[in-house]
Every structure is written in C-alpha cells, then in structure tokens.
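Listed after this line are the structures, all set down as structure tokens.
Next, two complexes with chain A in common: one pairs it with chain B, the other with chain C.
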Partner chain A sequence: MPAPERAAAGWAVAGFVAFVGLWALASGWIARPQVFPGPLSVAATAWERRLDLVDAAGRSGLRVGVGWVGASALAVPLGWAAGAVPPLDDELRRFTGLVRSIPPFAWLPLLLLWVGIGDTTSVLVCALGAFFPVLEGARTGSSQAPPALLHAARNLGASPARVLLAVRIPAALPGTFTGLRTGATFAWMSLVAAELVGADGGLGQLILDARNLARPDLAIAGMLCIGAIAWSVSGVLHQLERGARRWGVA
Partner chain B sequence: MIRVRGVSRTFVEARTSARVPALDGFELEVSRGEFLAILGPSGCGKSTLLRLLAGFDRADAGLVEVDGAPVTAISPRRLLVSQDPALFPWLTAAENIGFGLRAQGRADPARVEALLVEFGLAGAGGRYPRELSGGMRQRVALARALAVRPDVLLLDEPFGALDALSRESMQALLEATWLASGATVVLVTHSVDEALRLADRVVVVSPRPARVVGSVVVESARPRRAGSHPELRERLMGWAVP
Partner chain C sequence: MRLLLLLLALWEVAGRVWPPGPLVPLPSAIVLDAASLLASGELFVHVLRSAVRVALGGGVGAGVGVLVGVALAAGGPGRLFDVPVALARPIPSLAWIPLTLLWFGVGEGQQIAILALATFGVVVAGTRDAIGAVPTAWLQAAENLGASRGARLGVRAQAALPGVLASVAEGFAAAWFVLVAAEFVSATEGLGVLVLAGRDLILPARTFVGAAGLAASAGLTAWALRALRGRLTRWA
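Then we have the complex of A and B:
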C-alpha cells in the first residue's frame, strides 16, 4: 500500500477508535444505559437482532436502490442534454429552481394521499431526494466539458451526436459520479423519514419500533447500519469518480 | 486558394463593455499548397484570423473564402492545431490519431499505424496523453490533424510551449509532412527563425487591429538551417519592432 493511502487508513482507524472511546466515555458519564447505551451494549443488541437488521437493511436498500436508479435514469441524460444545450439548461433551471428547494419529506403528505402508505411512497421520496443532486452533477459535468476538446472533435468531422457521445459525455463523467454519490446520500436521508411515516419494515421502521419499545440500543444499531451502508455505497461511487478523474478530464 | 477580403471582427470586452477591434479591413491571399507564416505581437488578432479561416467564428464584415467558397462552418478540410494539443484524455495516442477518421466513418488502422511511425510515436500508440511528454502530445495532435488529409492546416503557435530541442524536431517533422501532403499551411508564430525556416512567405502584422505591414518571400532550398537569411530576418524585425 502506498504511503499516503497507508497514512489515510491509519487516520481512519484512529478516528474510529476515538469515536468509540468518546462514545463509551459519554455513555459511562451519563450512566443511564436505558437512555444512552454504550458501544458494547449496542454491539450485543446488533448481534442478537442481526437477522432483523439484515432484513430491514435489505428492504431499505431495495427502496433506496430502486428510487436512486430510477431518479438517475431520468436525471443523468437530462443533465447531460441540459449541459449541451444552453436554452434547455435555462428552461430547466427556471423549472427546477423552485421545486428543488422543497425537501423530499415535504412531499410526503401529498404522496400519502396520492399513492398511499407503502413501498411506492418510500421509493418516490428516495427518488425525489436523489433526483436534483444527480441532475446537477450531470449538468455541471456536461456544461464544463473543455471547449477545446469539443472544438477539436467538431473540426475533425464529428457529427453533433458523436461529439455528445464521444466527447461531452466522457468529459462529464467525473461530475456525474459526484452527483450520483451525493444523490445516493440524499436518497438514504430521505428514506428514513419516509419509513418513519409508514412502511412495511425497513431500517426507518425498525428505529421507530425501537423508540416505541424504549430500546435506544436497537435504535442506535439501526442508525449505525444506515451509516455503514450509505458510507459503503458512497465509497464505491467515490472510487468510480476517482477513476474518471484519472482520465484527466476534470 | 485562401482569400481574405476586407475582414473585420470586433469583440466586446466583458468587464468594461469596451469594443475591441481584432481585425479591421484585413486583406490576405494564400496560394494553394503554399506555406505562409504570420508574425505579429501577442493579442494582435492572428488567432482570430485563424479561427475565422477554420470556421469557428464569423467575421462582422468582409469575405473569407477557401477555394472559391465562403467559409461558413467548421470543416475537417480546414484543421486548426493550437498550442494546447486538445487530446482526448480518455483515448490512447492511436485512438486520438484515428478519431477524425472514425468520426467520418472511414476508420483506417493501417494509416494510424503509419502515422505513429512517421511521427516517431511507434510503441507509444497505446499510451494515454497524460503518459506522454509535451512534445509527444504535440506530435499526436499534428498526426491527428493530418490523418484526415485536410486541404488547409491552420497552426496557431503549435510549438510555443515546447523546449528548444522538441521544437527543432517538430519543425523538421512539420516541414517533411507538409512537403509530402501538399496541403496549404498558415502558421501563426512569434518566432522569426521558425517562420524563416518553414515558410514560403512570411507576413508581418501590426498590433491590434491587425493589418499586414510587410511581406517577404523565402526562396532558398529546403531543408533550411536555423539562422539562415540574416537579411530577411533584419527586414522582418524592422516591421515587427516599429
């Protein structure tokens, strides 16, 4: 492992150890495990309820995955097109300027009325959370494609479609991956709110049940589960983004 | 033949909204197959002229013609190569060279291979631009332009960022490929020696707005040595430094 990566890994381990240590100290200081359980208590609960956690994570992951993929399938091509066609970009900005500032949770009452309680509502809330960050990443990446490369391609005889496919989209990939990563994070954040309101299982529902049962250890286990999954997904997308940046585009 | 008649192009400066004339009634003719060098101070409008010839920009007034047809759009018949090689970072050297051929639906791996050898890039075809030196990147850019066999090659300070040795070898390469291709070349340069070494004719343009202030024909045989033609050099310097 190269020295900078070794140092980064060392810092990550040290940060994790410090976090767990501070958590243990705070929990011991408060000395009310029924309010703020320590890391050992949470770890024991997580092991004991591992099947429930895996099941809830699977249900939540599926909802986030479907919402994020659906939103991305729409937002990425739209963002690439907007970055390439300034009038379309202007129109899109006008339209999204208002809508994007509405938090996904604010759509919940309407979605519950329109679609009802269930997976579809949760998926739609996740999709709303992911859509605008992905759109913005793809749009920025596309609009910032180096003009010198676009001119070179046109000068060499490439058609507008080929310039888009062979130059603008490859140049837009780093920005697009940044948007996908941010979108995945926002989708997870939106999911918990959606599941808290009403869903059949899932990590948000598990956290709500834990509150009703006065089980903060289970609630924290569920929260850590969400954090770990979101962090892993973000890590994978970050590696893809780094790979795209190694091309030297952005 | 390239014909530029009474061409004017004015830009509006974004910060001050001042109108800046880059070209004002500019006149120039270049014969088919001629190698013309244009000398002039920075910012005088030389690059604007090349962009008009390439079809990247439109004149406010006047006529820009190539082979009797007005230039109205970008075309692979008139290729512009600038100081920034503008290589596609996600393509290898060979893929960069073959880009224009593929874009026009006439992929030709044999021609790409021949150009790699001709431009001293044999063995480097599979490398990405970030893995090449500045000189090699510029070779790829030139090979990419010549791959599509343009009628007119427009060179905007193409060797300006290279070290002296790379510049020397690129000049020799350009001369050899121009002689073999028969293309018309318009080279914008700051270097009097480069102009005298490569060009059939050298024109000197004034500070902005550009206009031709002098022209010399270089008649000696090729290949020429660096530093030859001291008398022409003196005349050009006289026009370039008022």
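Then we have the complex of A and C:
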C-alpha cells in the first residue's frame, strides 16, 4: 500500500475506534441506557434479537422487492419507448420534473383510505417511490443514444424494431441502471415511511415498537440493519451499472 | 405541463360520467378545497409552519454538512469522520424518527432534527465531492505563480463554491421531501397535516392540496437558491 493510502486507512481505523470509543464513553457518562445505550448493549441486543431482525428484514425486503420490480417492469419499457419519440420525451421530462418533488409517502393517507393498512399499501408506496427515478433513468438513457449510431443503423437498412433493440436499448443501459439504483433507494425510504405509519411486521415497525417500549438499543440495531441492507443493494446495483457502462455502446 | 392538464381534464370528465364516490376527489373539488383554505388563511399558516421547519432543519443540516464535508476533503485528521459518515449515510433520515422521538420527545425539535439529518446526508457528500473535483492544475498554477498557502486555499474555496451551493440546494430539496413524513408523527400545523387530513378527516381532496403545496414550496425554494447561487458565483 502506498504511503498516502496507508495514512488514509490509518485515519479511517482511528475514526472507527474514536467513534465507537466516544459513543461508549458518552453512554457511560449519560448512564441512561433507556435513552442512550452504548455500542456493546446495541451489539448484545442485535445478537439476542437476531431472529426477529432477520424476520423483519425479510418482510421489508419482500415488500420493497415486489414494489421495485413491479414499478421497474412498467417504467423501464415506458422510458425506453418515450426516449425514442422526442415530443413524448420532452413532455414526460417536464411531467416527471413536476411530480418528482412530491414524495411518494405523501400519498400514504389516500392509500390508507382506499386500500387500508397492509402489505398492498406498503408495496404501492414503494412502487410509487421507485417509478419516477427509474422512468427518468430509462428515458434519459434512451433519448441520449448517440445519433451517429442510430443514423448508421438506419442507413444500413435496420428496421425500427432492430434499431431499438440493437442500438437504443444498449445505449440506454447505463442510464437505466442509474435509475434502477436511485429507484431502489427511494423505494427503501418509502417503505420505512409506510411501515412507520402502519404495517404488519418489518424493520420500520420494529424500530417504532422499540421506541414505544423505550428500547433505543433495539431501535439502533434495526436502523443499522436498514442501513446495511440499503448499502448492500446500492453496492450490487452500482457494480451492475459499471458493468453496463463497460459493455454498453455509449 | 400539457400532460398534467390533459390527465386532470380526463379525470374530471371521467368522474362526471361515472361518479367515483366520496373517497375519490375530482380536480374541481381539489381546486375548491384549495380556494377555501386560501380564503380562510389556513393554507398560509400551514405553508409558513412547514417553511420555518425546513429553514431551521435545512440550515442546521447544511451548516454541519459543509463543515464535515470540508473536513473530509481536507484529508488527514479530517478522515476521522469517514467511518461515522459512511455508517450513517445509508440509513434513510426517516428511520431516525423513533430514536429522535426518544431523545427529543414529541415536538418541534424532533421534526427539525429529521429535516437536518436529511439535509446533512446530501450536503456532506456534495461538499466533499465538490472540493475533491477542483482541478489540481489550478492549484499547481496558483503555486507556480507564487500564491501563498492562504491564497491557494482561496482558489480552492472559490473553485468548489458552485458545487457546494448546488449540494446545499439539493439538501433543502431533501428536507422538503421528508417533511410530510416527519410531520405525520406529531405536527398540528404544516403541509403534512393537510396531507394527513385526507385520511384523518376523510377529506381526500386535501391530500392533493397538501401535495401541490409541497411541490410549489419545494420549487420556490429551489428557484430562490438557484438565484442566490447565480448571484454568489457570477464568474462560474
């Protein structure tokens, strides 16, 4: 390892030690574990309640997964197709620009009114959260396909369907994966909001119950699970995105 | 815009032909509800309360975010913040709601803390990246021209400023984004309360009024911050 990298890694390790150390000291000094538990008690709780955490993570993961896949299955083809039609592309860009600043969980009260508390509502909120970022990514990628390649394919006699499949979609892949990753982040955030408002199990429900039972150690353990899952999913999608960039045509 | 108007028109016409019942509002009902809230001055109060929360939470989050982002970009001891920031960033700010409720209790401080966390996550990464993206050639040029350490720091700060201000604007957008969810928990006034009235008072039109108010407020904030950024970075 070269010296600057070694120094950076050294500071990172020192940062971790300092963070956990200060946390432990602060919790010892405050000495109110029902408000501010130390790192050891969080770790002990996480281990003791590991089965509950895994069960909650499974429920949450399933809801987000269904919502995200469902939204993507609609948004990706729509985005790819719209990107190929300039007037539609333009219209959709403005529309998503307007709608995107409204958070998906703002629709929770209506969904609760129409559908009621339950898995359907959570899945729908996740799908709403994922839909617009994925649409935006797919549409941007598709509309930015290199015109030279599109012209070349057409001049060589490719049919419109062939141009779409062989040129436009491969060119749109990197942007599409960026959208899928942002969509997953938004879906996950929406799920937490939905489960805080009301759901049967799941990590959002678990941390809210932990609050109601005055168990901050369990709440922090749940939050770390939420963060760890978000981080891993985003990491996997980031790798796919880099792969798409490498063998994409753009 | 045209697409939105078209969708609203279709919805209104379809609703007149096949009345959907009291749980699904028509665009005309939404406009009427908005007009009545506007006339009574209630809408103004809700927007104002939310805007104050966003200003406070966003301000605190952006301030701390810029400081920590600068520390991260400076390297050396600043890297001490690397691990805590890396641990905290993937956790959605809304997941802090239960813990902050335990810490701050139900009330204004807790809601502002959530908005500050949302802004912080965006600004800290944006500031770090904006400073990291300053071309080394500029710093070397300054050094070759005999600039002092302080002057080189000035070059760096000025070159990073547009990126930092852009991330602050993004941070305020994030605060508006999580606002309703933070207000669901305990607010008595604010756009989140309007949104929640859709279910709590069975006034579904009001959810749309709240959502539209949210989009307008976020848009206005973005516009104001863009204007400010243009003024502060006229050279860019």
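We take it that the second predicted complex is superposed on the first by the 208 of 250 C-alpha atoms of A that agree within 3 Å, B and C clash if a C-alpha of one lies under 4 Å from a C-alpha of the other, contacts with A are read in each partner's own complex, and residues count from 1 in each chain.
We adopt the following convention: a residue touches a chain if its C-beta (ideal position, glycine included) is under 8 Å from a C-beta of that chain, and two chains touch if they have at least 3 such contacts.
If you're wondering where the values come from, they're calculated on a predicted model, not measured in any experiment.
Trainee: Does chain B (first) or chain C (second) touch A:162, or do both, or does neither?
Mentor: The first partner, chain B, only.
Trainee: If we overlay the two complexes on their shared chain A, which of chain B and chain C does A:124 touch? Say first, second, both or neither.
Mentor: Neither chain B nor chain C is touched by A:124.
Trainee: Now for A:106: first (chain B), second (chain C), both, or neither, which partner does it touch?
Mentor: second
Trainee: I want to verify the contact counts: of chain B and chain C, which reaches more residues of chain A?
Mentor: C
Trainee: Taking the superposition on A as described, I'd like to know which of chain B and chain C A:230 touches: first, second, both or neither.
Mentor: second
Trainee: Classify the contacts of A:151 with the two partner chains as first (chain B alone), second (chain C alone), both, or neither.
Mentor: first
Trainee: State whether A:134 touches chain B only (first), chain C only (second), both chains, or neither.
Mentor: neither
Trainee: Check whether A:170 is in contact with chain B, with chain C, with both or with neither, and answer first, second, both or neither.
Mentor: The first partner, chain B, only.
Trainee: Overlap of the chain B and chain C footprints on chain A, residue-wise?
Mentor: Common interface on chain A, chain B vs chain C: nothing in common.
Trainee: Under the stated contact criterion, what part of chain A meets chain B in this complex?
Mentor: 146, 148-149, 151-159, 162, 166-167, 170, 247-249
Trainee: Mind pulling up the chain A residues that touch chain C in the complex?
Mentor: Touching chain C from chain A are residues 7-8, 11-12, 14-16, 18-19, 35-36, 91-92, 94-95, 98-99, 101-103, 105-110, 112-114, 188-189, 192-193, 196-197, 204, 207-208, 210-211, 214, 216, 219-220, 222-224, 226-228, 230-231, 234.
Trainee: Per the contact definition, I'd like the list of chain B residues that touch chain A in the complex.
Mentor: Residue positions touching the partner: 54, 56, 74-76, 79-80, 82, 84, 86, 88-90, 99-100, 103-104, 128-130, 144-145, 148.
Trainee: Report the residues of chain C in contact with chain A in the complex, numbered from low to high.
Mentor: Within the complex, chain C touches chain A at residues 1-4, 23-24, 75-84, 87-92, 94-99, 101-103, 173, 176-178, 180-181, 184-185, 195-200, 202, 204, 207, 210-212, 214-215, 218-219.
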